[in-house]
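Okay, got some structures for you below.
What follows is a pair of complexes built around chain A, which joins chain B in one and chain C in the other.
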Partner chain A sequence: MRGVSTGRFRGSDLLMLSPWLATLLLFWLFPVAASLVLSFTDYQLLSGQGGFVGFDNFTALFSDQTFVRAVINTLLFTVGTLPFTIAFAILLAIFVNRNLPFKTFFQSVYFFPSIVSLVVVALIYSTLYARGGYIQMILGMLGIPYPAEGFLFSEATALPAIMAMDVWMSTGYYMLLFVAALQSIPQELYDAAALEGAGAWHRLKAITLPHLKPMLLFVLVLNTIKSFQIFVEVFVMTKGGPLNSTMTIVYFVYEEGLHKFNIGYGAAAANILFILIAIIAWMEMKLVQERQA
Partner chain B sequence: MRFGFAILALIVAGCASGPKTNVPLVWWQFWTNPEVRPVITQLASSFETATQNKVELGDLTWSDGHEKIAIALSTGGGPDVIELGSDWVAEFAASGRLLDLTDQLGGLRDSLLMWEPGIYRDRMYAVPWMLRTRMLFCNRTLLDSAGYPADFVPTTWSELLEASRRIDKLGEDVYGFGSNSAERHRLYKKYLPFFWSAGGEVFNANATQTQFGTIAGRASLDFYLLLSANGIVETQSRIEEYFAGGKVGFVISGEWLVGKLNRAELPFEYFVTVMPSVEPGGTGISFAGGEYLVVNQSSQNPGAAVALLRHLTMPENDRLFTTATGSYTPVNRFTAFTTDSALATTAAVFQRQIGDSRSTPVHPAWVAIEEILERGIEQALYNKMSSQEALDMIDRETAPILQKYARR
Partner chain C sequence: MDGNEAGAGTAGMIARSQSKARILRLAVAVGIAGVFLAPFVYLLLGSLAKNFNLAGTLDLANYSFTLANYSSLFTQAGLYRPLINSIIVALIVTLGNVLFCTLCGYVLARRRFKGKNLVMLSVVMVLMIPTHVVIIPMYLLTNWLGIFDSYLALILPFLVTPLGVFLMRQYISTLPADMEESARLEGASEWTIVWKIVMPLCKPALAVLSVQVFLVNWNSFIYPFILTSSESMRTLPVALALLQGYQSINIPQLFAASMISALPTTILFIVFSRRITEGIISGALKG
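On to the complex of A and B.
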């Protein structure tokens, strides 16, 4: 019967799938496998030399203070940005989803930062954070203390400064996702709750947030992965400094792999990052699913 | 059907291996700015006219050029001729990716200056193309405000430090010295001149150990920290912005800053002088960098590639390139180079300093050593370690890297 699946896989099916399969093999599976193999070698990119070293790269990484700092910083970055980004995104989504004048204008304004090039944003923020920059000027006028050397040259403020920029930049994008989720909530539920005399807070708790959970899970996992992969901001703004206070795992991988050409060592760090992301994403999914149950 | 066979025949013919003719010579270089890029094109064209070899230009950027070159060479392919920073030559030469030019340079050896960074284990792998040195830029107006006579020029470390102190006290937004922060690839270039001026040598005789924990290392780092305390610690580009804004007394920079300052309408006077020495009558050493040209070991056309190196360093082409880049130090000693009379004094200072300049040691692991050196200086700059602890740490951490290469 035409158009009905017989459950059998035919040669022509394989032919149709071949472009996708080739892409999957060449650009996804092969690099992953190659990275795994390389992490057990001391392969040097330029000379092409290197042999099997077992788990040496992994054990060396855990005693490498720079890598340990990179892992801690990456976790701090994720923990420090994730709740704020999601909370602000939900609040903004609820705000712009109401029938307010200039609704589209506000949506565009909040979404705008996420379409600007990350490099451009990082350069602008570098100027804002610099000694004598606008942020210092504003804080000075308000009488709030600030690091005299500029935010990106202080060990205490460099990472939080990048985190603040990232929250500013990411919120608009997730806001749009939450707006889409909000619009899928049937209006009848709110009408019924209003008839029952439920207040705004009760409606938020009983209707809005439960309906946002699938999107919340999606945003949580997506933003976690994105946070663990932070690179451009560090590359443009601080190069991991000062004193490794903004060193992150991906920047460490770049430094080792593509700057010093310790490909095996860099690959081992990249694989640890992969395992970390997988574990944390799995934990997040379990957590949200259990709450839903 | 016949049409299908014709197409197939054409494809087979196209894929067939055989001697390649009219293969363009691929040259990767870093000059993309509008003042210099047309000259690069002009130099390539004049080579094409002179030799009938086609040149295909590839542009690199300093942010990722090192990686691009390494990846291209590691595949066994890549361009024929490549521009390299002076401190990268040993790294690529040691990996066997560069053509040994020792027996192919002939007369060039006597005409060009500063070959040292191009020589690795007594073999020549790179031809100098552009020389760079750093000078002390001084704000005359701030010196006047600090009570210095109109002809004052700091010639020793103590004079520079005292003048920085006095300028730094002039006001909230005025700084004595523009000190480099922990900025990768730049900080070590600011520390090493003081280290060399104090008589320091980076390596011991057999290059198995760095020697920063010595008296020279300590004296130079302590001096750098004192200068930093009497000024502003910032990135190189921002230090230069502050200087151009008339807010910094002294900065160490290169010819590019002269160009920037001359294009701006400055509300102050400045002058350029040689690096100060430790004691009166001594010599202040500066950092010499440069651009070098190398030939890929896998080049299909090495003869033409070497001819391109010769062409680019000929006196008339050197003059064109030097003028376009705003450099004052031609690489070819026979280049008839004159500069604007208004800049003649500045040019003379640069030409004098280049003779008292040194480049980084030629070592394949310099990139890793440089990173450790900068990390150590950073620890001292942020008061995380004393200067002696930081310098000892540098010597300790560089030792295994150097010993690994010494055993090879």
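On to the complex of A and C.
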């Protein structure tokens, strides 16, 4: 008898469940609720003063140039990395999965950047992107123009530079998820298609891609939630600069809420991010599901 | 005869072109591996370099090895305490998850009770909450609880993870329950059953879970960063990120510090590569 419940609730069960219940209440539900309440106040941590101000924080945010810039940058970052990360991840997964010799080895190597601390990766890239660094050297050899002051110090290239690093870092992680999805496709489908004389391109379109759809949806949502929360890269590499060109929403929340201690204002910004993520994730689910039907 | 010979000829050609394609594929695979590994080779060489040139690139022409960058980290840059903090926190958090997630997973897998679906739903819903969104209330909460800037702040919130509860519930529900039943008939308490019967059977799932939790916690930055303030409570990633702004630190030193932070994960990765990938894949397929 597999997976059968062996009975009623016992006294000890509540005790066994309590670690999760306590964590849930204290460190998940309470912060979400507190964040919501705080966003309608003008609570200042340093003076300890504040009262309810209705939607004032939200209206103020929309006329705050820095916040608007943060929203635009966060959207740009997400839209500019997602398609590349996912396309590279799928291509790499298909490449690795087609009886490549030493498959497991290569799979692990491609995945390696995503298990190293983001701080470490950001530090390495800071020096690679720096003035006179290796990336300038390579571009110089290829005759491609680059900002002399270094990629992270130019308004035009700072955000794209962080985006490129992010694609490089997360491709291997999502590749692994797509490899898992590829392995669940029955081989008979390919055999049958090969018998009917279907070419590689047709097999890809008719079998592989449709079977990847559920995983694609999952990766899309997961990657969206992650991309919208970009913070560490910005903190280590640019601190939001130059001239707010890499200011993101979470960095804004950190600066307002935990640096200047405008708790209510920062919480309001965080809640806008929350709503933004929920809407986009929901839209992605709808989009992929409709395509499937 | 003719047909056979022709067949053998084509087979040979196919085999030859297949081995050619194989070599080509291998070459491409190595090339891609280079793209992913080059920055880490640069990191390793940089951390062992006697000097960088002024521009901040590795001076390969005059490269010479030294371990001084590593030793000075502990004497000059004070990386000793963050290293110890990271080890303590990651180990306790991992241990806590192994213990508590098994207990919760066991109850959720084996019992029928009112509100069970609600608890299951809470686990799945919480998995979807973007964690960076609640940094402000988490900061306030640790202040109110009086645990701000202490080990408790670094440990308590992460002791039970929703992913762990989820994985353990899924795993335990695939295990047969008859051994638990017979132990119960012999008068064993529920705690003994979990400790003596369920835990040992869960070893594969627990291995996946612990590697996963350890890695995430070891690399975690934002929460250790906002939940502590004093130098002595910093974890390695936090110390590393703050070292960068520090005037006296030079790049080889920074790289050596990065290597120390990346080393445990790399070793874990080499030893448990399959468990890590399994953990991610099972988390993805079930989540």
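Quick note on the criterion: the second predicted complex is superposed on the first by the 275 of 293 C-alpha atoms of A that agree within 3 Å, B and C clash if a C-alpha of one lies under 4 Å from a C-alpha of the other, contacts with A are read in each partner's own complex, and residues count from 1 in each chain.
In this section, a contact is a pair of C-beta atoms (placed from the backbone, for glycine too) under 8 Å apart; a residue touches a chain by one contact, two chains touch by 3 or more.
Because the structure is a prediction, the values reported are computed rather than measured.
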**Asked** Looking at the overlay, what does A:Tyr190 touch: chain B (first), chain C (second), both, or neither?
**Response** neither
**Request:** Answer with first, second, both or neither: which of chain B and chain C does A:Phe84 touch in the superposed model?
**Result:** neither
**Prompt:** Thinking of the overlay built on chain A, is A:Gly241 touched by chain B (first), by chain C (second), by both, or by neither?
**Reply:** first
**Request:** In the overlay, answer first, second, both or neither for which of chain B and chain C A:Phe228 touches.
**Result:** second
**Asked** Touching A:Gly132, do we find chain B (first), chain C (second), both, or neither?
**Response** both
**Prompt:** Is A:Leu258 touching the first partner chain B, the second partner chain C, both, or neither of them?
**Reply:** both
**Item:** Residue contacts with chain A in the superposition, chain B compared against chain C
**Value:** C
**Request:** Figure out whether A:Leu118 sits in contact with chain B (first) or chain C (second), or with both, or with neither.
**Result:** second
**Prompt:** In the superposed arrangement, does A:Phe58 touch chain B (first), chain C (second), both or neither?
**Reply:** neither
**Asked** Hey, what residues of chain A end up touching chain B and chain C alike?
**Response** 45, 130-132, 258
**Item:** In the complex, chain C residues that touch chain A
**Value:** 22, 25-26, 28-29, 32-33, 35-37, 39-40, 42-43, 46, 54-57, 100, 103-104, 106-113, 119, 122-123, 126, 128-141, 156-157, 159-160, 162, 165, 173-178, 180-181, 184, 189-191, 194, 215, 218-219, 221-222, 225-226, 236-237, 240-241, 244, 251, 254-255, 258, 261-262, 265-266, 268-269, 273-274, 276-277, 280-281, 284-285, 287
**Prompt:** Of all residues in chain A, which touch chain B in the complex?
**Reply:** 44-48, 130-132, 149-150, 153, 155, 239, 241-243, 258-261
**Message:** Which stretch or stretches of chain A touch chain C in the complex?
**Reply:** 1-10, 12-13, 16-17, 19-21, 23-24, 26-28, 30-32, 34-35, 38, 45, 92, 95-96, 98, 100-102, 104, 106-113, 115-121, 123-128, 130-134, 137, 168, 172-173, 176-177, 179-180, 215, 218, 222, 225, 228-229, 231-232, 235-236, 250, 253-254, 257-258, 263, 266-267, 270-271, 273-274, 277, 281
**Request:** Report the residues of chain B in contact with chain A in the complex, numbered from low to high.
**Result:** 66-67, 70-71, 73-74, 91-92, 94-97, 173, 181-184, 232-234, 238, 367-368, 371, 378-379, 382, 384
